[in-house]
Amino acid sequence: SGGGGGTTDAGGGETLTVGMPNGVQTENHSPFATGSSALSLGYAFTIYEPLMMRNQARPSEEPEPWLAESVEWNEDFTEAVITPREGVTWSDGEEFTADDVAFSIQLRKDFEALNTAALPYDTVETDGSTVTVTFTAGQFVNQSKLYDLVMVPEHIWADIEDPTTDTNLEPVGTGPYTLESWTPQAATVVARDDYWGGTPAVPEIRYSSYNDNNALTTALTTGEAQWGWTFIADFENVYIAQDPEHYHQYAAGGLGIDVLYLNNETKPFDDKAFRQALNMVIDRQELVDVATSGVNPPLTSVTGLPLPAGEEFLSPEYAGQELAVDVEGARALLEDAGYTWEGEQLVDPDGEDVTFELVNPAGWNDYLTALDLIKNAAAELGATATVNPVNQDGWFADIIPGGDFQATLHWTDGGATPWDMYSDIMDGAHYKKLGEPATWNFGRFQNDEATQALADYAAAPDDAARAEAMETIQRVFVEEVPGIPIWTRPATAQYSSQNYVGWPSEEDPYNQPQPTGVQAAQILMNLEPAGQS
Amino acid sequence: MSADVHTERGALADAGPAAAEPVLEVRNLSVDYGFGDDPTHVLREVSLTLRRGEVLGLAGESGCGKSTLAYAATRLLPPPGLITGGEVWLTNREGTRADLLALSDAELRAARWRDIAIVFQGAMSSLNPVFRIEKQIVDGIVAHQPRMRREEARERAAELLRLVGISADRLRAYPHQLSGGMRQRVMIAMALALEPQVLIMDEPTTALDVVMQRQILEEVMELRERLGFSVVFITHDVSLLVEVADRIAVMYAGEIVETAAARDVYAKPRHPYSAGLLGSFPPLHGPRRELTGIPGAPPDLSAREPGCPFAPRCPHAMDVCRTELPVLGRTAQGEDNRLVACHLHTTASSTEPLPPSLSR
Amino acid sequence: MSFLLRRVAFYALTAWAAITINFFIPRLLPGDPVTALLGRMQGRIDSNAEHSLRVLFGLDQDTTLWQQYLDYWGLLLRGDLGLSFTHFPTPVSEIVDQSLPWTVGLVGVATVIAFVIGSLIGTFLGWRRGTWADGLLPVATFFQAVPYFWLGLITIAVLSVNLGWFPSSGSYDRGLVPAFTGEFIGSVVYYGFLPALTVVLSSVAGWVLGMRNMMVTVSSEDYVTVAHAKGLAERQVMLGYAARNAVLPQVSSFALSLGFVVGGTLIMEMVFSYQGIGYTLYQAVSTHDYPLMQGCFLVITLSVLVANMVADLAYALLDPRTRTEDR
Amino acid sequence: MLAAHGLTKHFRAGQFRAGGRRVSGRSPARAIHAVDGVDLELHRGQVLAVVGESGSGKSTVARLLAGLIPITDGQVLLDGAAVRLRGRRAFRAYVRRVQMIFQDPFGSLNPVHPVRYTLTRALRLHRRQSTGGTLRGAELEAALTELLERVHLTPAARYVDKFPHELSGGQRQRIAIARALAADPEVLLADEPISMLDVSIRLGILNLLADLRDRLGIAILYITHDIASARYFADRTTVLYAGQVMETGDSESVTQAPLHPYTRLLVASAPDPDDLAGAGAAAVRDRGTGGEPPSLVDPPPGCRFAPRCPYATDVCRTETPELIEVTPGRAAACWGYSTREDRPAVPATEGAST
Amino acid sequence: MRNQLLFLRNGKVVTGLAILGFFTLLAVLGPWISPYDPNQVSDALLSPPSAAHWLGTDHTGRDILSQIIVGARGVLVVGLVAGVSATVVGVLVGVTAGFVGGVGDESLSALSNMFLVIPQLPLIILIAAQLPSAGGLTVALVIGATGWAWGARVMRAQTLSLRKRDFVEAARANGERTWRLVLAEVLPNLTAVIASGFVGTVTFAVLSQVTLSFIGITPVSEWNWGTILFWAQNNLALQRGAWWWFVPAGACIALLGMALTLVNFGIDEIVNPRLRSTGLHARSLRRRGIRPRVGFTPVVREARS
């Protein structure tokens, strides 16, 4: 079939085209190298598989065994015992063994550059049927990082001199597909017939690279590519409307959010009252609609927890409490705290006009648009805000780590529990003085109770203790407003059900829908030819 | 205006010494510069006859229209030149007469170079700098004799170069590799390639020094005798013309003001302008005569006054000169072979005696 | 001889300058590939990865600028352009290898086509000055002034999205693997048509205008009049005498315009998702990928330099006056 | 007044295009011997003509005398004192006394400046107010008017505000002369001041120069290639060939009874309406004086005219002749006038044709 | 004086100047005459042209007409600053090289040739992308710093020919100082060339800046026509059929560029009289049936007055 990507005939056997907006590729099939074509386009995940498959759309769900039959943790999460699956073969016919698992993990321990998950490995041992990994610290919050590690064959990688730079031109993995051909524009993988999980329905997948979002959008709307993820403004009209029956976009919210970091050590955000007041006047729904074209799911819970992904972790205290715009309430709160108005202008208890600056790198359109809206919201309180787009490098290098801002939008890590998110925003363990570079907690929030609770959560021996810690964390978060949660950062993807069905969706959220992640293998194994029904 | 009658008559009556038949007859040629509403009338009904084998000198100061006349006669005037009237009759080798201004493009192209060739004022720049001179000569030959093989044409080109005194190995040279004098000779050789009936030379030697000038002129005159073509020789150097030309036509402000045999013009100029022109050249030999020069400045062709264009500078100007344009005609003395456009000579009513300088 | 020597010296000097500029620009200015990468991924990379990335890229060591400069030359002379950060660990030379032919092919062809067509139209316009042909001039000025990307995007919207005549992106069918087959070559031509068309459209006007002006100037030269006087056919005068000389300055500005052309390609490659060196450079710039940036810029500059040399030679061939003249 | 002794100028070859012909050289050490050991003397109230064909070094002599280009060898004496042009002050003091008029009045006036600017600049540079300061105001205006009147551009008011393109060639040349006169110079170096002008107005300029010479007693160096005008205008004439003086003497006898074979060739080549048979020219031609001037990069040894000279012998081809005084006030650089045994036989002057 | 008048007689120049004048007016008055604040979001998301929004709105309901009006300043200022700085450097380098000759000339020429050969847009992108805050002015200066070479080259050639001209020699013979020779004798004769170089650089600067804005190298919050296109492109204006978001800004750029080209064309015609087009009289020529041709002078026999 031609350039149309084989979308015309219904039925099985059609090539599935995945589009990515990552520009021209260079041949590198390494599952480790950050910029490798395999990772960038995502076909690495059809060749290499993780230990456990977790549902990133529902982080609280138990992970599904994948290459590991099971992973057992000890009490304090410093030791994991991995039992590899039986009957798995590498695509070159060799058998997959516990040695391979141990080797794959040892590789990350030996080469710092490969340890992108930054897991503090201590020892890796195998007894032939299981692998025992120990860590120098408790890894409760990092469990998922271990699950996501993809396995590589020892019989090949052991001979590789420098795995950090090897381009792995003949990739051998356990996954359902093997590499067929590669060009700078596209990589093609074909289904294995000896895959441990059965024969995939899609016989061939082509990973096409486009130079930018626009080109990919065009490809998706014309059907040239049937699976991909990119930000499509007004996706309802631009994308779905082209073929409403088959075109879908699914945004799977995880536990990562975008936060408006507030500088807790300078005016006006050193005053809890003003932080609370601002939080009360921001219209999350509007933000989502205008700034993200409605793609990002809005945050509803006052705890900032994205729902439904975070349902499990929601403190009962705040269950059902929703964020709502309440200008009157906010003004009243300010008045109580000693604020006054001079005409429309808000004046703080010290008698100074309340003004602040919102910064973000120029070019980050959704953020900047959101800042504009926040500026307007602040105006309702009488506070004068200005939006200052800055140079991206400066923002990264100085503004963010040094806390040289009054308010700025930034993301948080996702993770399997809300711990990452809260820790990133308010963990006193990350506290650094203004001007010194901080890795997280850019807003310099200091609350011993919260810091302790975060530490407890990570090290807690049982669920009850964790639940208690989480309740504390959330209470401090709601009451102190260390930062203002804005919206969920979902994993979004577009796909066409013209040829294949069985995609993750709102109705069937078995995983997040993107092709570039360990979940790809699961999704592909879940697909079935369309039109057979 | 109606100079037509007189000039026609004049031209026919003006029988040269050899009394040969005319090869080139320009009749009432008018030329404008400018396509707009207000063009400059540069040539006004100019008539001129060139006879077989004759060297006709065209003299006059800078800007009087000498080059314009030469270019217009061959329709080579660049935009915004515009021929607004007149005829140019050319007799070709077979004896057929044709009006160059009425020919079709193809016919004119055929007539050019074969019947009438022209050596330009800027002969230095007349050669295309990027082609070898061989190609430039051969191109001209082949265009008219398509059946001639290029080798033959090359032979001919070599022969031509030898004719003008340049060794044939210079054929492969580019123009910039030749000295000014050589380039000028190449141009002449090129013009003679097809043995034209008429050779127009527009100030071919002004850029050269006297020694070189003489060499080249002598060569041309020699060739003329050998090949029998007629020459229109344009220059503002009257003393040179007197030497080389058989007949001289003196131009002033786009009009011919006097024509006569070269000797006669020199010895007995009739038009005050001719006289002034001759009086501007210091003689190299003979007694140191008083130089008179011509007072005033040349006229502006774009703003013509009625009357004789020379009147403002003329020491003998009369009232009639300022109102009426004199036409080219016989002098009152009734000399043969001489036409003058001056009221002093043509006005029958002129009672005043002629100034001595004009009546020698 | 001295002419040649001087040119060679000039090119050597320019090459040195380009290489040096190339070295310093990325280094003297702030920014760092790791933060740029993190920024680009906006949280999709674990924040803890930062350190491992620095180790990987060798950014954790401190060397003096001078030492770096010497190292850079040393490597360069061995043809080693380093490893790309974004495409780690692919050697830059490999990336360049992969993208340069596409740019040179497409842009080269398009530029030559534009030059030829533009010069021909310009010849015609200059020759026919003062007739209806002058009416084409405003059209030409308009096309000269349109921003390239705008033209490209509108062309895509109309010809490929709405009418579906041409593919909107890519350099050849993504299903094909490069090989010397009719199918592949056909596909390359088909995919290259639209980009080439827009490049031609936007650059042809400059050649038209330049050539027209030169034609007007040249056609009043004496030697053109002489050519007419010789009774040569009009076509021969127009092409052989007038255009032949009018094209000379065009050739030298052609050489100089190549730099602009390559600049234009960058945009073309972005708009048409065409694989090529320009887009690679842009990518490298936005990711602070120094080695790649340097490699691309160097290669672009050197190819412009080479093209200039070729044009210089062509000029010398076309104009005998520039050749040494020993009598 | 102004004298030059052994004036020599060598240009580096290959740096300059002359007459469209590139003077190229293979190695930079080669030099164009544009002027080689020229001696000149200018006297108050006299005109010295320098004639010679194109490229013979006439303009170079003028520019050397004007101090516009550095001298390779020899010296220039002003009032008997050697001229040193080190530094601006000395240069300005020098140009105040020695001024130059250029060949081309169309090129020597800046098209963007009106007459007033051109002349006032010259006045302000060279004249002082009666009180001492730079000339300005009414005094300047008066000087301007006086200057224009001196070159017969009257009424002055009609010309002061014109731009060069609004003036005729003759008028422009007068402005150029006026500019030179602004310094009240004692010496005028006129480099072909009429060759670009129309025949009918040339005379006006020559007459003006003659008038200045007579009225102001200025010494004039008159450069021309037109030997007839030298006869008409100059008191003395020097003939230059390939950068060297061939002959010098009073104008009348140089033109009427030339001594040097080159001068004879020059005189014979000049168009002469009175000699319609071309007898004189033919006479010279028959002896075969064709050919071109020698290369100045490596000039022939001996007499530079020897390759074209019909009388040349081996001496001429090997040894360079000095100027030999033939009769009082007349000298020729030709071995024919020496007393050497092996001198070539140059026939006695053919005499002026009458 | 007459030179200036001549300038205005040229139709192309007048058209070009009129368009330029219009945009200049926008640039000066922009913030006061724009109907809205270009950053003011409203509820009318991506609405087509209407009475309230003549050129419609963008994805956040900002008024596009206002963006264009306010953006004119950014474009023109960059053009002007880049043009001026490049011209100044170009004149300095070119005239100096042409006037001093010798080694100075050689090295300056080599320098400008170098800048000519190094591809400019990539260089600008390289530099602009690295500067801490590449605002409009910075970009203008970068463009100026890289774009002077062409002008310098032309200027050098012109100076070289002027330097040999008699009037410069004459002024020198008169005892003028060197700086005066350059300033009073040479420079005024370069006016047209300088003007044309300036206009050319402005054109290039405008197109470069717009391109840089479009690809997002410069801050997209600074309004100029390129920024508008940047937003449009990033929000799929064409795919969404929002032509009003895409077309007017592009047309403005093209119009401005065209105006500049026209002015330059006019200057060219003034500098080179041969170009002074017969096109001026095209209509009257057609009426009279004259086809102006090189080599075949038209012959018309009309009744003469």
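To keep things simple, chains are lettered A, B, C, D and E as they appear, and every chain counts its residues starting from 1.
Here is the rule we use: a contact is a pair of C-beta atoms (placed from the backbone, for glycine too) under 8 Å apart; a residue touches a chain by one contact, two chains touch by 3 or more.
Chain by chain, the UniProt names read as follows: B, D = Peptide/nickel transport system ATP-binding protein; C, E = Peptide/nickel transport system permease protein.
Please read these numbers as outputs of a predicted model, since none were measured by experiment.
*Asks:* Could you tell me which chains are in contact with chain C and with chain D alike?
*Replies:* Looking at chain D and chain C together, the chains touching each of them are B, E.
*Asks:* Select, from C-E and A-E, the pair of chains that is joined by more C-beta pairs in contact.
*Replies:* Between the two chain pairs, C-E has more contacting C-beta pairs.
*Asks:* What is the distance in Å between the mean C-alpha positions of chain A and chain B?
*Replies:* Each chain's C-alpha centroid was found; their separation is 93 Å.
*Asks:* Need the CA-centroid distance for the pair chain B / chain E, whole Å please.
*Replies:* That pair's centroid distance is 49 Å.
*Asks:* For chain A versus chain C, what separation do you get between their C-alpha means, in angstrom?
*Replies:* Result: the chain centres lie 40 Å from each other.
*Asks:* What parts of chain A, by residue number, touch at least two of the other chains?
*Replies:* Counting only residues that touch two or more other chains, chain A contributes 218, 393-394.
*Asks:* For chain B, which residues are shared contacts with two or more other chains?
*Replies:* In chain B, residues 35, 71, 76, 78-79, 105, 108, 176 touch at least two other chains, as defined above.
*Asks:* Listing for chain E: what residues touch at least two other chains?
*Replies:* 131-132, 233, 239, 278, 281, 285, 292, 294-296
*Asks:* Which bits of chain C are touching chain A when the two form their complex?
*Replies:* Residue list for chain C touching chain A: 30-32, 35-39, 42-43, 45-49, 51-53, 55-56, 83-90, 94-95, 98-99, 156, 161, 167-178, 269-270, 272-276, 279-280, 283, 288.
*Asks:* Which residues of chain E touch chain C once you look at their complex with the stated criterion?
*Replies:* Contact set of chain E toward chain C: 110, 113-114, 116-123, 125-127, 129-132, 150, 203, 207, 210-211, 214-215, 217, 226, 229, 233, 238-239, 246, 250, 253-258, 260-262, 265, 268, 272, 274-275, 277-279, 281-282, 285-286, 291-292, 294-296.
*Asks:* List the residues on chain C that touch chain B in their complex, please.
*Replies:* That would be residues 129-130, 219-223, 225-234, 236, 240-241, 244-245, 248, 318-321, 325, 327 of chain C.
*Asks:* Residue numbers of chain D touching chain E in their complex, please.
*Replies:* Result: residues 63, 66-68, 88, 91-92, 95-96, 99-100, 102-104, 107-113, 121-122, 125-126, 163, 176, 179, 183 of chain D touch chain E.
*Asks:* In the complex, go through chain A and note every residue touching chain E.
*Replies:* It is residues 213-214, 217-218, 221, 232-234, 237-238, 290-291, 293, 362-363, 365, 368-369, 372-373, 376, 387, 389-391, 393-394 of chain A that touch chain E.
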